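Reading through the structure tokens given below for one structure.
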Amino acid sequence: MPEVIFCPGKTTEQVVEIFDSLAQKGNNVLATRSSEEIFKALKNTGKYQNLMFDNLCKAILLKQQDLPLSKSSIPIVTAGTSDLPVATEAKITAEAMHQKTELICDVGVAGLHRLFDKVEQLQSANVVIVVAGMEGALASVIGGLVDCPVIAVPTSVGYGANLGGISALLTMLNSCASGVSVVNIDNGFSAAVSASLINKRAEDAND
Amino acid sequence: MPEVIFCPGKTTEQVVEIFDSLAQKGNNVLATRSSEEIFKALKNTGKYQNLMFDNLCKAILLKQQDLPLSKSSIPIVTAGTSDLPVATEAKITAEAMHQKTELICDVGVAGLHRLFDKVEQLQSANVVIVVAGMEGALASVIGGLVDCPVIAVPTSVGYGANLGGISALLTMLNSCASGVSVVNIDNGFSAAVSASLINKRAEDAND
Amino acid sequence: MPEVIFCPGKTTEQVVEIFDSLAQKGNNVLATRSSEEIFKALKNTGKYQNLMFDNLCKAILLKQQDLPLSKSSIPIVTAGTSDLPVATEAKITAEAMHQKTELICDVGVAGLHRLFDKVEQLQSANVVIVVAGMEGALASVIGGLVDCPVIAVPTSVGYGANLGGISALLTMLNSCASGVSVVNIDNGFSAAVSASLINKRAEDAND
Amino acid sequence: MPEVIFCPGKTTEQVVEIFDSLAQKGNNVLATRSSEEIFKALKNTGKYQNLMFDNLCKAILLKQQDLPLSKSSIPIVTAGTSDLPVATEAKITAEAMHQKTELICDVGVAGLHRLFDKVEQLQSANVVIVVAGMEGALASVIGGLVDCPVIAVPTSVGYGANLGGISALLTMLNSCASGVSVVNIDNGFSAAVSASLINKRAEDAND
Amino acid sequence: MPEVIFCPGKTTEQVVEIFDSLAQKGNNVLATRSSEEIFKALKNTGKYQNLMFDNLCKAILLKQQDLPLSKSSIPIVTAGTSDLPVATEAKITAEAMHQKTELICDVGVAGLHRLFDKVEQLQSANVVIVVAGMEGALASVIGGLVDCPVIAVPTSVGYGANLGGISALLTMLNSCASGVSVVNIDNGFSAAVSASLINKRAEDAND
Amino acid sequence: MPEVIFCPGKTTEQVVEIFDSLAQKGNNVLATRSSEEIFKALKNTGKYQNLMFDNLCKAILLKQQDLPLSKSSIPIVTAGTSDLPVATEAKITAEAMHQKTELICDVGVAGLHRLFDKVEQLQSANVVIVVAGMEGALASVIGGLVDCPVIAVPTSVGYGANLGGISALLTMLNSCASGVSVVNIDNGFSAAVSASLINKRAEDAND
Amino acid sequence: MPEVIFCPGKTTEQVVEIFDSLAQKGNNVLATRSSEEIFKALKNTGKYQNLMFDNLCKAILLKQQDLPLSKSSIPIVTAGTSDLPVATEAKITAEAMHQKTELICDVGVAGLHRLFDKVEQLQSANVVIVVAGMEGALASVIGGLVDCPVIAVPTSVGYGANLGGISALLTMLNSCASGVSVVNIDNGFSAAVSASLINKRAEDAND
Amino acid sequence: MPEVIFCPGKTTEQVVEIFDSLAQKGNNVLATRSSEEIFKALKNTGKYQNLMFDNLCKAILLKQQDLPLSKSSIPIVTAGTSDLPVATEAKITAEAMHQKTELICDVGVAGLHRLFDKVEQLQSANVVIVVAGMEGALASVIGGLVDCPVIAVPTSVGYGANLGGISALLTMLNSCASGVSVVNIDNGFSAAVSASLINKRAEDAND
């Protein structure tokens, strides 16, 4: 497991101090929902070499471990382009946990043919992450196509009766497809942790 | 248009009295969300011959007009067997408006293959009614498959975070497929009125 | 159908890239909830001639098809001036689908006489779009006056117990007038798609 | 003011005891949301002569004062027949406060012509009570037709997105017509108290 | 009645244009929830002399009628200083309707002694407006102290479980004191219209 | 502390078994939200002598400890008679914790004079429990009158916008009086535990 | 995967008919949220030998496959005795999927010592199911103790601000422990499917 | 008790004026949810010497009383660093009431070992304040570890299904540990007042 900092509500000084103390343990360090300001403050300490900042999801990752990636890849599927920031948070988190991932974008249910091109790939996975806003129906559809666990991430993409993501969240919780479990709205991080733990056990077992 | 009575909150006496006065206009009369008790009270008046009662949706229909049914049929699609009462209310309402209908049951998104057998039939319709509870994803999927208007009816089938049908309602309102409009939870009646008006205009026009 | 991009949550670069790939199909392209910045970026590519930007609803429309407009017009009725941005999104969308529209503004239920001047016009339509915020009562009143389908669009105009448009949404979903179906809050786009599909079928049929 | 008991949550014994102690003050006594069981228990005490029970709204009224009714009448307008229990609670309460009332039933907005027959009557009142469930649009329409205060009572008549009356409540609170104020769902009692106080002052003043 | 414009969602140009057309009728014109920018734009037209702008509640009032104020005064009671903007909107609205008002500030229920100094004044009124945020308990307490109608205005003052004023709104709707009716959150305007209509009838009657 | 069983969701057999195992520890045993059936089943075991059942709040108490009651009494104040079941649960719980209590009933804010007779008594307490439904304003008023901590219990007494007690809960959470903390709706038990712990420490300290 | 029927909203005849057609495929058949009436109707067909009915969770299971159970066991942990019906649904579902399970009951966070006795057992699992109502804190605590995925099931055990399980649901979705994903309220079935798929892959891999 | 001003919704001028009038009473004065601008305005009056401003929680404190602090300390426990602003508001409030406090930070339930180091300290307190956002489970865990009253403060730290702190609020209200009572979201002030009143009585008693 990487060390993790959830940045909102913390001052830049507080994040830098916590980051420093966590980094000393030697694990990867991940700061989610960060800002460019915090990234620069960390950079300016001059302490970190492998420090990267993702501008879409505002995550900072310090790689301190050089373990090989998993052999099987975790598909991260999004309904639309607007779901990319959340999918990217999932991708970076999984990488911090040494898991290979594969982004499959823009395959929402209004155009099922795009999804069907990817079915085989999805069916060979140990676990699938589905990221969708608006009505979030993609999780149910994928849940019906695969026989591995699906981790569903509702996003706040949408407006009005979307209620800041509550609509997609409820959709996923009520999924008529079995094998779907759900994390908090926009929580790419948590989805990736669950998926990584699942993928890891399936792989470790295979060794 | 048939004469319509929404029964909840009315005493049997009130319904019978209203029914009598409406029946005298000579149109079909439809009493929704009724009860067997009300049906028997109407029966016992001895006034009505063509009086039928549907036990699934508790609707009473008095047919007084013998107009031919529409040529093209309105598909009424349900996600599951539990959505049948609502679909039946839609069916009876459409019939009271002289529209042919076709029930397509149990084609929820967790098993898309069952839906795909029906695609051609759906694509040839002037309008489609989709009835679904749980997460209500079926409306979006069908919306993406047809190019006619879709009237979506969320049902209260489900439990917990289903919130009495609110989950399916929100799903349908946030549908990423265009051409989907929505009626109240379990409101098979209103969906059928909208769909009948659409189907009628498309047909009338063709004459 | 035009090609459509929902802009929120996408970077300017992403929208431009998607716009380019969609434009190549030769259909009209519509980008909703856009921004002047995106419009300028598209303009600056020098690729598009018939590119227009509506400042009220922030929609970008690229007209690439020169089909004749529908003969019958779709009335788009608003309760107040503040509902105009949503009504305009509906108008532009309908036009992108080759439908004639007619804006009827500021005829909210607090002054029914203004509405009554327009009743004949409404009663001759194949479908009516009603756009209203605050308590959204206009949809029910119009639903009682016409015998064609009504597509109701709740808007977020209002404050307090308006709950960002939820109040008008609930009003419309519970409409005691039949033949009213509803789209998401502020979703002028979706209302126009449904209405255009209805109007088209009624007209095509007449040919 | 009459003495008033709100019965739910109280045992029959508790209501009888409270009723007895209140009756001794000599004012009218009103027990709302009561039951036939409580009525019989009061009857059986043999203490009360002018005791009446209304079966629709479950109110018990003991008339102990013989004051003349107000000269001007308070119109109590309902959207539908199912709103009658609440309208009746309002009627009985107003009578307990010596106010004349006039029930105007079943004039919901889906059939405005029925309402328009009553406009003159409404416009001559000092205050109007509007009782409506479903989407509750009637309050706004009447608010736009009269220039006296309107007391709006949302009812729980409806289902699904009606949310037990919340939909009508929100509609009334967001009314675009001015001069409309609102009481709790199904609270015919409180509407009648407010309206009676208003009517009384307008009349007293005239003496 | 004054002419009224609700400004949010309207451009400055739209407000100025509407204002101009309403002003020509010769009545007072009130623009609520306006802005200094709109006020200046109106000022700059050079058309209006008696134009005032209230900075607390952002209302613009054009006085074109010189009628005498009512003899009896409407008390506008606030729980705290933060409720003043809403109370001021009520005050200006009442004045535009030629009603005398009296602000009684900062008498919230946590310090009842401050309220008790004002009881006599409240008890001599024809109607009382109560403006309160947080838990909004003041309306119930005043409702128990006076025997005239109380118009309660919940405000959005507060945070957290205040839910933007919903807490105070619910409190007032559930008031155990009778004779309390409620308007939308922060809706000082509507409270003043209701109260003015009541006060006017009580006074007119007295003439 | 007594041993406690929360009965809902448990079968009679389960409650009896748990009760038996807890009783063996020698402490008082309290079963809340129980039923007469469970009480009889416990009675029928023949094991318990000091077993009592309160019919109002459905609590079963087995007294096995004979400690003296506290010297100072905890006032349990209710707004209305319908709040008595919750107040009684608090009373029995406090007694199971060896605290003296005093019920002060029916002193809701619509009639403040009844409350004012009790002020001195309230001001001499170490802690006060306030039990109120409807709008729950009593907690704020008492919080403003005493300078000891107030434990507020919202009850589900009411209807409509009361939302099953949510209204009173929000009122109490937003109390403008300081020193008020809140427990779950109808949770007389938890209020009594908090109040007893407070009273105990204040007394122990005095010894 | 077993064949599964969700019974609510279906008539006994419908369930029996669906059961029959599913049973013919030769897999295990599971009917959740059933009733004794349905069980007897199935029994009476005389077709099924290995038919069992669980009275706590109302599930019917027809075992038609005799595969060996998994080697590693899935712990199903409950906060309290009242959560047992949901836990039992999970247990039966997992067994229908050939997974060994282990019920660990009544280890809620108010008494952490009972949980700590089980930590080792939990830490050796491939996946843990946590079933908790009230405030649902147990999922977070266990999530912090193990490094395998946790499937959290909120239950509707509780009252008042529990909101029918919404409280526990939100708790689990907002868990500060990573690796926790959530299913619908009371959905023991779905939790077991997810957990079984995870456990299976981990085991299969080991073979 | 200190004099207290809740600043939101008040202009700088209003706060300064209120502050001045309260300061003349000679008690400590606390202005919560203030701003640096207000602090400077007060500073610039030149009237106050012991005026401090806390930048984390934006509180202004004027110390005018030099009473000794309490002997026993009130632990203020936070789940994470982001909860510090609320904890600091509690700390300053308690100090304004002459109570000693002790901040115990970052001991959330995902890492229980950090909490367990502090158990003894918590168990020796008269009252504990728990400040937690996200899922707010810490209150239940601490409630199970101590036998003194716990005042729980939900914070708005979190996102998505956190609903601005509602999730943590519900968690705490439904706590399965007894002796926990709750204040409004982010209301460090009110928690500190309750806790100070409790601590004071326990101490006073000991003298």
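When the chains are written out, they are named A, B, C, D, E, F, G and H in that same order, and each has its own residue count from 1.
Criterion: contacts are C-beta pairs under 8 Å (C-beta built on N, C-alpha and C of every residue); 3 or more make two chains touch, one makes a residue touch a chain.
Just so it is clear, the model here is predicted, and its values are computed rather than measured.
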| item | value |
| --- | --- |
| Shared chain contacts [chain E and chain F, defined touch] | D, H |
| Labels of chains that are neighbours to chain D and to chain E | C, F |
| Distance-maximising chain from chain G - centres being C-alpha averages | E |
| Fitting chain F to chain H on CA atoms, where both chains share a sequence, rotation angle to nearest 5 degrees | 180 |
| Fraction-based call for chain G against chain F, same above half, different below | different |
| Chain B and chain F, separation of their C-alpha mean positions in angstrom | 50 |
| Where chain A and chain G are represented by their mean Cα positions, the distance between them in whole Å | 26 |
| Centroid distance [mean C-alpha coordinates] between chain F and chain C, Å | 56 |
| Shared-contact residues (touching 2 or more other chains) in chain C | 80, 160-162, 166, 169, 173-175, 178, 184 |
| Every chain pair in contact, whichever chains are involved | A-B, A-C, A-G, A-H, B-C, B-D, B-G, C-D, C-E, D-E, D-F, E-F, E-H, F-G, F-H, G-H |
| Chain A - residues contacting chain G, complex | 1, 4, 126-127, 147-149, 151, 169, 173-175, 178-184, 189-191, 193-194, 197-198, 201-206 |
| Contact set on chain G toward chain F in their complex | 80-83, 85, 133, 157, 159-162 |
| In the complex, chain D residues that touch chain C | 79-80, 108-112, 134-137, 140-141, 143-145, 158, 160-163, 166-168, 170-178 |
| For the chain G and chain B complex, residues of the former touching the latter | 6, 8-10, 14, 18, 33, 154, 156, 164-166, 169, 184-187 |
